[in-house]
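Which chain is which? They are A, B and C, in the order written, and residues in each are numbered from 1.
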Amino acid sequence: MSPLPKAAPLPPVLALDGVTKVFPGVRALSEVSLALYPGTVTALVGENGAGKSTVVKILTGIYQPDGGAIRVDGQPATFPTAQAAADAGITAIHQETVLFDELSVAENIYLGHAPRGRFGLIDTAAMHRKAAEILHSIEADIDPATPLRDLGIASKHLVAIARALSIDARVVIMDEPTAALSHKEITELYDLVDKLKQQGKAVLFISHKFDEIFRIADRYTVFRDGQFVGDGAIADVTQSQLVQMMVGRSVDHIFPARAKAPGAEVLRVVGYDHPTEFADIGFSLRRGEILGFYGLIGAGRSEFMQALFGITRPSKGAIRIDDKVRVIRSPADAVANGIVYVPEDRGKQGAITALPIFQNVTLPSLGKTSRSGFLRLAEEFKLARDYTARLDLRAASLDQPVGNLSGGNQQKVVIAKWLATQPKVIILDEPTKGIDIGSKAAVHEFMAELAAQGLAVIMVSSEIPEVLGMSDRVIVMREGRIVAEVSGDQMTPETLVRHAAGIGED
Amino acid sequence: MFKRFLASREAILLGAVLILLALVAIRFPAFIAPANLANVFNDTSPLIILALGQMIVILTKCIDLSIAANLALCGMVVAILNVAHPDLPVIVTLVVATGLGTILGAINGLLVWKLTIPPIVVTLGTMTIYRGTIFLISNGKWVNSHEMSAPFKAFSRQILLGLPVLSWIALAVVATFAVLLTRTTLGRAFYAVGGNPHAAVYAGLNVGRTQFLAFAIAGALAGLTGYLWVSRYAVAYVDIAGGFELDVIAACVIGGIAISGGIGSVGGLVLGALFLGVIKNALPVVNISPFWQLAISGAAIVIAVAFNARSSRTKGRIILKSAEVAA
Amino acid sequence: MTVTDRHIPDRLQSPLQRRLRSWETLLLAVAVAIFTFNAFASPYFLNAWNLSDATFNFTEKAMIAFAMALLIIAGEIDLSVAAIIALASTAMGAAAQFGAPTLLLVLIGLAVGLACGAFNAVLVTVMGLPSIVVTIGTMSLFRGISYIVLGDTAYGGYPKGFKVFGQGYVWWVFSWELVIFVALALAFGVLLHLTNFGRAVYAIGNNATGALFSGIRVQRVKFILFLLTGLMSGVASVCLTSRLGSTRPSIGLGMELEVVTMVVLGGVNILGGSGTIPGVVIAAVVMGLVTFGLGLLNVPGIVMSIVIGLLLIGVIALPRLWAMWRR
């Protein structure tokens, strides 16, 4: 562990000491260390896939470490269950809201530790009163008796925060707490973090946003690819030093150079509307072009892409492919019209992980490999071999279940599946999320190659370097609408962030 | 608050039951005389008790197909016990029936919890095993009324404050469940585990153990009902309550218990059971062949499922600010 | 990247190797063991005509089990199959009272099966309702209609030619039912294992969302599977009605559970995604042999159901217990 800096006079309440966590095919954490001090906000910084979420799950008793030690007040501790972690005074506000739609707000806050009255029964009145107090303290105007399902996503997040505070915790973990919040709510959250600090609680703050980290954190710890890179006081570090530690190399070098000569228009979307998810989406896309879609999480980018791919249906709007009007009612229609979609959620939507690689690759192309509806395995293996080789897939055999592959190789299988259909437009939704650096570069190179071969690429990404490094043009979405389209010199991190967050427009 | 109630599943069900009663009453006013309504309730009591057990199992995303076979086996065991030891006090009989039922339910629960076998497979298997065991212990013979002791038969039919004991037990179970499900940690855990198993783990709940407890409690209720059933009808044989598990599931579905888990209330469930009970008792009164009953309850299940699904259909994420205001 | 001409082999294990270590091989060994045991236990077992009679124990159920296997692999279930048998049989019986000829009767039986399957299919795939509850509902509905039509009466008087399906022999000891069984086993085996449609069934069962996102028309495939299951129930109804020569509303009661047991015993994952037709064929034979063997030993039918229930849980529990014990 690094020597204690001046800013932290007290010993750590909670520490990870050389902790390792291994999953089939991936080493998620490799001997990482982390120390949290009372009355101190520690920012955990790292790219997607750096191992931040795994750390949260280890600290809250969801995962067990495969090596190393967890220390509470310097003493070794284990958290075999989530309850054990809570008993040790650790509470977390998770990235995904892990709440119960059918229970009331108060019950969600107090599930598992509700105040008891006579006969050991839950004291509903006391529970509602205490829940109201906590909600009031974070200035959330929510009735504790409301069923959770009636709340919007931001309100649910506030309930999750209230739940974390209801446990008299010594350590509060916040995993991307501002992702779904508005500007005003974020300011309120900062006040809340300050309040927790004053109460002497140790706060672990996980965030992508550097302005946020420099606004509220006292210390930082950086992870990269599941390894500890460094830690120290925020006052001693600059933003660019932090970026350098996080990425491990200069950002400009990793993206392939591309000749920019887009061809004819292949896709035009006009006035796509959905009752709740997005409104008035329109743009055009040309052959050989990479069009980036940037926005904060929950800006409606994936929802729109899924409508374009026929998963959901727009209430209004039209598309033209190669200047002909097309109606897409299902993914099968989309594939038939040359539009394919590589989803963000690989395990659930992208691949059928229990089926072998070759069957995944040929699934949408069975019409080509079969004869009058009957399978021809030799043809299937041939097709799978062709396309997986082009993507430099690493696997033991083509008969191996996709689930046994690493995230990056699973992604290659999904992309190979779509390339085998010879599409016109490929939509990549967060194509490098949660995959290792090596595969990331391979996916980027391959994207550039596809564009050079005349395929039109739409790339949804939340990583600014990726968006800027790969795209010819960038469309920024916020709250379900397109707020900006930038290209050329306008494509700077500042412009994207400003449009995505809606700064300077209110 | 009142407005919310009017839009709820319970209010719609209550309306349906009342309309049903009104329709029958137009032609046969005697049907809604208090004494007859008490009869209908008493007749529906076993269904209510069993359906409450099934309800908590379904809340945790499981299903218990063996619930009627459990009832029949416990009923036969206490009937044989009574023949062998006619002087055994009723309280012992109650303990034996409930205890055996708990064990049979716990077997289901253990297989689901420890071996993670899908509940439908487990209870499909135990259903035939429990039912077959009745044959083994009884040699396929009936235990008839004249073989049973008088107190054994009288217990469920004794009138207490104007209602038979069977009805009182049903009311007690309903009250207990109303408290269990709304005011205890275990009760809320049933909802949490079925509503969002993933989040339940984060909240420190043991999903498998909660499911096990649901099965054990359902088994206890099935055992208890087993004795009450045999006592009331004063006969025990292999096929008692044959196919009753379907009525029980029907009561749950009509009562608004979502088969996907995590949704449902005691009030809705009782109304669902009463809806079936009223139909069953009204058919002979309005001169419709009792053979209609099966088809009617089948149609009611289909309509109830369609209705539940329609009211809980997700409409996608709310991203647009305008949509959030409207929602 | 150092190795650019990396070659990934198609397979590491030959399909034959994999097959030798499969569930089906184990099941086949069980079948052979039971066959051998029976041959020694009873002198009447190894007789062509007795064995031929034994096939009637499983042929009708197996016809439905093939379609049900596909449905379960795709992640759905149809519990209304036995009720479809009853409704189809009732329709044929009613037509027979008007002197309908054999061919027309068969067409009616198949058409009713298809119509019932379509009804389930619409509820599940068009309205998006959970198949397990929907088919519990239609199970009561379909059989309920039979009860409304027949009450406690029965239809008889089928034309002479109609007897051939359940009682006739194609050649020597090979009955029509056995031939239909073999033909359907081949047809469904080819459909599931050798066609694009079968591949889609597996994909949907493993991950319906992933299949949808891969451009598979998920709802259409499921619709067809419900139709097929209904149609096969119609075929089974023709055979069963012909064999019994009469129709009561209780015809085939509880058969849906035996069909599901047969499918699960055959190695089909009740949660969907895996299973084979050869497995179901062997499971059908095993169940038939157990029933026949115990019958020869004068063991009553209900005890056989215990054995089947134990078999169902045991075959899933034992490998898991073994894995737990080794850890």
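We take it that a residue touches a chain if its C-beta (ideal position, glycine included) is under 8 Å from a C-beta of that chain, and two chains touch if they have at least 3 such contacts.
The model shown is predicted, which means the values in this text are computed figures rather than measured ones.
Enquirer: Which pair, A-C or B-C, has more C-beta contacts?
Expert: B-C
Enquirer: Measuring centre to centre with C-alpha atoms, which chain is farthest from subunit B?
Expert: A
Enquirer: Take the average of all CA coordinates in subunit A, do the same for subunit C, and state the distance between these two points in whole angstrom.
Expert: 44
Enquirer: Using mean CA coordinates as chain centres, what's the subunit B-subunit C distance in Å?
Expert: Spacing between the chain centres: roughly 30 Å.
Enquirer: Within their complex, state which residues of subunit B touch subunit A.
Expert: Residues 179, 182-185, 188-189, 191-192, 195-196, 198-206, 262-263, 315-324, 327 of subunit B touch subunit A in their complex.
Enquirer: Considering the complex alone, what residue numbers of subunit C touch subunit B?
Expert: Counting only subunit C, the residues touching subunit B are 123, 127-130, 132-134, 136-145, 147-148, 150-152, 249, 257, 260-261, 264, 270-271, 300, 302-303, 305-306, 308-310, 312-313, 316-317, 320-321, 324.
Enquirer: Any idea which subunit C residues touch subunit A in the complex?
Expert: 1, 4, 6-13, 194-200, 202-203, 206-207, 209-217, 273-274
Enquirer: Flag every residue of subunit A that touches subunit B in the complex, lowest number first.
Expert: Residues 60-62, 81-83, 85-86, 92, 94, 98-103, 107, 111-112, 114, 120-122, 124, 152-153, 274-279, 298-300, 303, 312, 479-481 of subunit A touch subunit B in their complex.
Enquirer: What part of subunit B is in contact with subunit C in the complex they form?
Expert: By the definition above, subunit B touches subunit C via 63, 111, 114-118, 120-122, 124-129, 131-133, 135-136, 140, 238, 246, 249-250, 253, 259-260, 289, 291-302, 305-306, 309, 313.
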